[in-house]
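Consider the two complexes below, in which chain A is the common component and chain B and chain C are the respective partners.
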Partner chain A sequence: MAKLKGTGISSVNYPTGMNLGGDPTQALIHMTTTGTFVISLASCDLGQGLKTVLAQIGAETLGVPFENVLIDTGDTDTGPHCMGTFASRTTHRAGNAIIMAAQEARKTMLEIAADELEARPEDMETDGQGFVRVKGSPDRKIHLVNLALAGHFKYGKTVAGRGIFFKPNLGIDPETGKMDPDSTEAHACVMAEVEVDTETGEVKVLKLQSVYEIGRQVNPKLVEGQIKGGSVMGLGHALYESTEPYYPSPEHRPGGFFEYILPLAPDVPEMEIRVLEYPSADGPYGVKGFGEMTANAPIPAIVNAINNALGTEISTHPVTPEIVLQALDAKQSKS
Partner chain B sequence: MSDQALNTVGKSELRRDGLSHVTGKTQYVDDIQFPDMLYLKMVRSPLHHARILGIDFSEAEKVPGFVRAFTYKDVPKNLYTILCLIGVGPDEEPVLAEKEVLYKGEQIAAVVAQSEEAAIEAAARVKVDLEELPAVFDVEEALKPGAPILKPWGTNYFVYEGHHCRRVRYGNIEQGFAQADYIVEGCYEPKPIEHAPLETTGCIAKPEANGRITVYTNTQALYFSMDNTALILNVPFNKLHFVGGTVGGGFGGKVDVIVEPIAALAAMHTGHPVKYLYTREEEFHVSSTRVAYRIYFKDGVSKDGHIVARQVTSYADSGAYNRHTPYAVTKHAANISGPYDIPNVHIDAHCVYTNRVPTSAMRGFGVTSASFATELQIDKIARKLGMDPFEIRLINAYRNGDMRPYQKVVGDATLVEVIQAAAGMAHHPLSERFQAMNSWDRANSPARPEPVSAEKRS
Partner chain C sequence: MASKIVTFTLNGRETEVMVKPLTTLAKALREKLGFTATKCGCYEGNCGSCTVIVNGEPVLSCILPVEEVEGQNVLTLEGITPAEGLHPLQQAFHENFAIQCGFCSPGMLMVSKALLDKNPHPTQAEVAEAISGNLCRCTGYDPIIAAVLQVAAGSNGNQGGSHE
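Entry: the complex of A and B
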């Protein structure tokens, strides 16, 4: 009986979106007289920080501070259509729709500023600090609040924009499977180091080292959170979790958190993360969708590490102690 | 666009709802209260497969606080399939079971009462007379002659435009195997998994004075859920108003449109707000799970480590109904060749019905299983050939300009770069040949985009 260590890797792709049925999402932007831009959507934030990154994308295109952009989402009476938050699609889709809407709103914003500053619209620029100014003359500037008030009360102009991301339903050839099912692809290589107790069958993941390439990061801290959270979810899938532990038998279904084992704080391994950024051609500022894949890549890395430690051919997950001990028995009876 | 030009994209702005989440101030569905709200509980099948002979509500009606019960006869368009919105059919899942139940836990009748306790008590007193039928749980058993047939069209598989599976055909598989020095086979079986969100699936449907119904829901897809609900209730889309957008964990588990139609129906009939929120046990026992697969690989490999042919026969366990699984199988079929350049590919991916809780969308949708299988398989090949696991992946890595088996040209590949960086992180030596590779080194590659440099970030 021993504690054996092993290492394993996985290298994976993950497609952004799923377009076989068409995949549109809209965004509307308007500026209120407070100098605030409201982005109206119907996209859902599942806890991943969508409302934050979409405000960042809107603020970037508008050229205004992050604080001047509000996300108003979650209401079908006021928010335009979104297909939904799934398929690692929403930052990409809603982000593109927001850029389109923001460009239209920005155009009017610059026109109003030009009128107020007695200059031409093409000579206007935003400073990202809350002002629109004349290029080359940084003192000739107007604050967003004054601009908003002038637009409404003096010129009778709305500062607003409409945006949509649209990729049509391109269909699929049923004979060959020819299709265009994605927009861009993110990639990852994950390495796992495990220790397996050959007496109890228990597996401890000691270390997960992850390299992700996800196009441009909008918010690196949220990217890190997504990778860490996904790593732990993947660890749970690899080692503990199943609704039908004796699948295909449907018996012994766990009915709660006392029976269905999720990874807990002591199970979280040492993690090292590196993010590469090769901006995609079609993502907003080069974004690639990567939310889902952070739970995919660790699973085969961990199972490969277990097989590396034991010299086994385990080909299922979760790799529970029972599976480990069965694999060791099978190996012994073979030799 | 140069990075210096960016103002807020690329900065770690503080997550706006983070403080509210961690201090317990965010409002979720269960936090919403209305004074005259009713509670909905479901009468469920205790058997995996059975014929419904009768339902008796007489004892349930005696429970103080009982308001009314609903069966399939109350549902205007009882048969549906969620993906009908994107043209997938035919309709095959009942909102409430009609003559048969196909899985343990299937919804048979809804009971609405003035308190949660009364609803639980009344639902428990509903007597359902069932005749048990033979059940099938194994995807390959379900396809054999003599298996109980679960679908009205006479097969236990989803029909893909006339085919019994989603096909991918690329190159010439027989020629590929003939060229190979080795054949490496494998079978991979990821099991079903629960999303386990902290917030269980649920909604409150509230009738408004103007005749509309407001549905407070934790769906991941507001319009998708609303449109399906309107079709099931046979009401104009604008009679419904869905409110949500803040979800206590989704992971693909909240796109199935199970709770909203029946809660909205009950609200329309009773004139009261109706709450239907899964218990933790329901979340585990009756909500959809991740799809379990059985995936057979046969790879032809050359001595130098190139995979020259891949034949995959895959069986996805859809459980009793479609939900999102037929679509997941297409994504699975597209990705089961992995991020590798394989010239001859032959994929048959089946979506199979069994008598278990329906499976559906979950984080990684058809690709989690594909990545699991391809990555274990390539390690198996590496062991057979005595090759380094990093190097065999680099040998096969797809590059920009390559053709995927589903006949799309690769445009955003960076697999080589992540493997090289990972080897560096692990202090795993790579020979010069592998260090020199890059994802833009094919003759027909598009130009390499300028990578964002971490040093430019503040």
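Entry: the complex of A and C
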């Protein structure tokens, strides 16, 4: 009986979104009298930071400070349409819709500024600090609040924009079966180091080293948060979590957190994370979706590391102590 | 069964609440007293999100009958949150991205506070152990541990808005 160490690797190619009936997500933008740009969405922030990254994307396209953007989301009765926050699709889909809507709103914003500054709309630029100004003469500028007031009360103009992401459903080629089910794809490689106790069957993950290729990062700290959280969730899927009972009848199905075992703080391995940025062709500012894959990529790496440690051929998960001990027995009876 | 009045100190104030027997502290706090910072993830004593501090010890308020805190000292997240700004632990959670969906955060903050009050300079393993009764689905725990260690390194972890 011993504690055996092993190393395993996984590599993952992960799609962004899907292609069911266009996979649409809409965004509506309007500017309030105080110069705030409200972006209405039905896409949902689950804690991953969606509101932050979408406000960043909106601010970038509009050319206004991040603080001037307000994301109004979460009500599917009143909001525009979103297919949903899943399939790593929302930053990509809603981001594209926001860019489209922001371009339209920006156009009207620059027209009002041009009227106020007695210049041509094509000579207008934003400074990203809350002003619209005349190119080449930075002193001829107007603040967003004054611009909003002028639009509402002097010109009777609505600064607003409509955007949609839509991926046409091209169907399946009957000859070849070829189809285009997703948008851009992200990639990952994870290396896991584990220690397996051959007496108890328990597995400890010592280290997870991850490399993610996810296109352009909108917010690196939030990216790191997704990868760390996903790594530990993946560890849970690899070793503990299952909605199926460990024994073959439904009454033993987990009824709560007493039976559905999640990883806890002491289970957290050493984590090393690298991010590569190869901008995508179709994502907003080169984004790729990657949230979901962070919980998947660690699983095969951990299972492979266990097999490497034991010389076994486990191909299911979670790799519970029973599975480890059964695999060791099978290996012994073979030899 | 007849309702009864339970009296205890809540965040430094004498508090009375009229409850049916076996009402949990979590229910009394949230539904009777309007102290909704305390969150309930499971109502069965296994996720830690409902943790409050009773006489310096972290306890699960979802399985504690409120009669049990008669005459005791109860501290909730409202009690450590200053009128202006944030408690050092809240600040550190914010800075370390230790909050994603936020559902575990009230419980995580209260166990961390109880830890630092007793052990102002814990090791990483001691922090992990202290929060090991609290589930977090989002962050992978690592940022939470980092936040607690940051407070331990920068202060005694027992300042700002505490009412004990």
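Structure notes:
Please note the rule applied: the second predicted complex is superposed on the first by the 320 of 335 C-alpha atoms of A that agree within 3 Å, B and C clash if a C-alpha of one lies under 4 Å from a C-alpha of the other, contacts with A are read in each partner's own complex, and residues count from 1 in each chain.
Just so it is clear, contacts are C-beta pairs under 8 Å (C-beta built on N, C-alpha and C of every residue); 3 or more make two chains touch, one makes a residue touch a chain.
None of the values given here were measured: they were computed from a predicted structure.
With both structures placed on the common chain, the touch criterion links A:Phe257 to chain B and to chain C.
Applying the stated contact rule after C-alpha superposition, one finds that A:Met293 touches chain B and leaves chain C untouched.
When the two structures are aligned on the shared chain, A:Gly156 is found in touch with neither chain B nor chain C. Touch criterion met: A:Leu46 reaches chain B and chain C at once. Ranking chain B and chain C by residues of chain A touched puts B first.
Of the two partner chains, both chain B and chain C are touched by A:Leu222. When the shared chain is aligned, chain B comes close enough to touch A:Gly177, but chain C does not.
When the two complexes are overlaid on their common chain A, residue A:Ser231 makes contact with chain C while staying clear of chain B.
Of the two partner chains, neither chain B nor chain C is touched by A:Gly136.
Shared interface residues of chain A (contacting chain B in one complex, chain C in the other): 46-47, 49, 221-222, 233, 256-257, 262. Looking at the complex, you find that chain B touches chain A at residues 1, 6-18, 21, 48, 83, 85-88, 104, 137-139, 160-163, 166-170, 186-194, 196, 219-224, 226, 240-252, 255, 280-281, 284-285, 289, 292, 317, 327, 330-331, 333-335, 338-339, 347, 354-357, 361, 363-365, 367-368, 371-372, 374-376, 379-380, 389-390, 393, 397-398, 405-408, 410-415, 417-419, 421-422, 425-426, 448-452, 457.
Against chain B, in their complex, chain A makes its touches with residues 7-15, 18, 20-22, 42-47, 49, 51-52, 55-57, 59-60, 63, 65-66, 71, 73-77, 79, 81-87, 128, 169, 172, 174-182, 184-185, 187-191, 209-213, 215-222, 233, 237, 241-245, 247-250, 253-257, 260, 262, 272, 274, 276-281, 285-286, 288, 291-293, 295-297, 299-301, 303-304, 307, 313, 315-318. Those residues of chain A that touch chain C in the complex are listed here as 46-49, 221-222, 224-225, 228-233, 256-258, 262-266, 268, 271. Contacts from chain C toward chain A in the complex involve residues 42, 44, 46-47, 97, 99-102, 125, 127-129, 131-135, 137-145.
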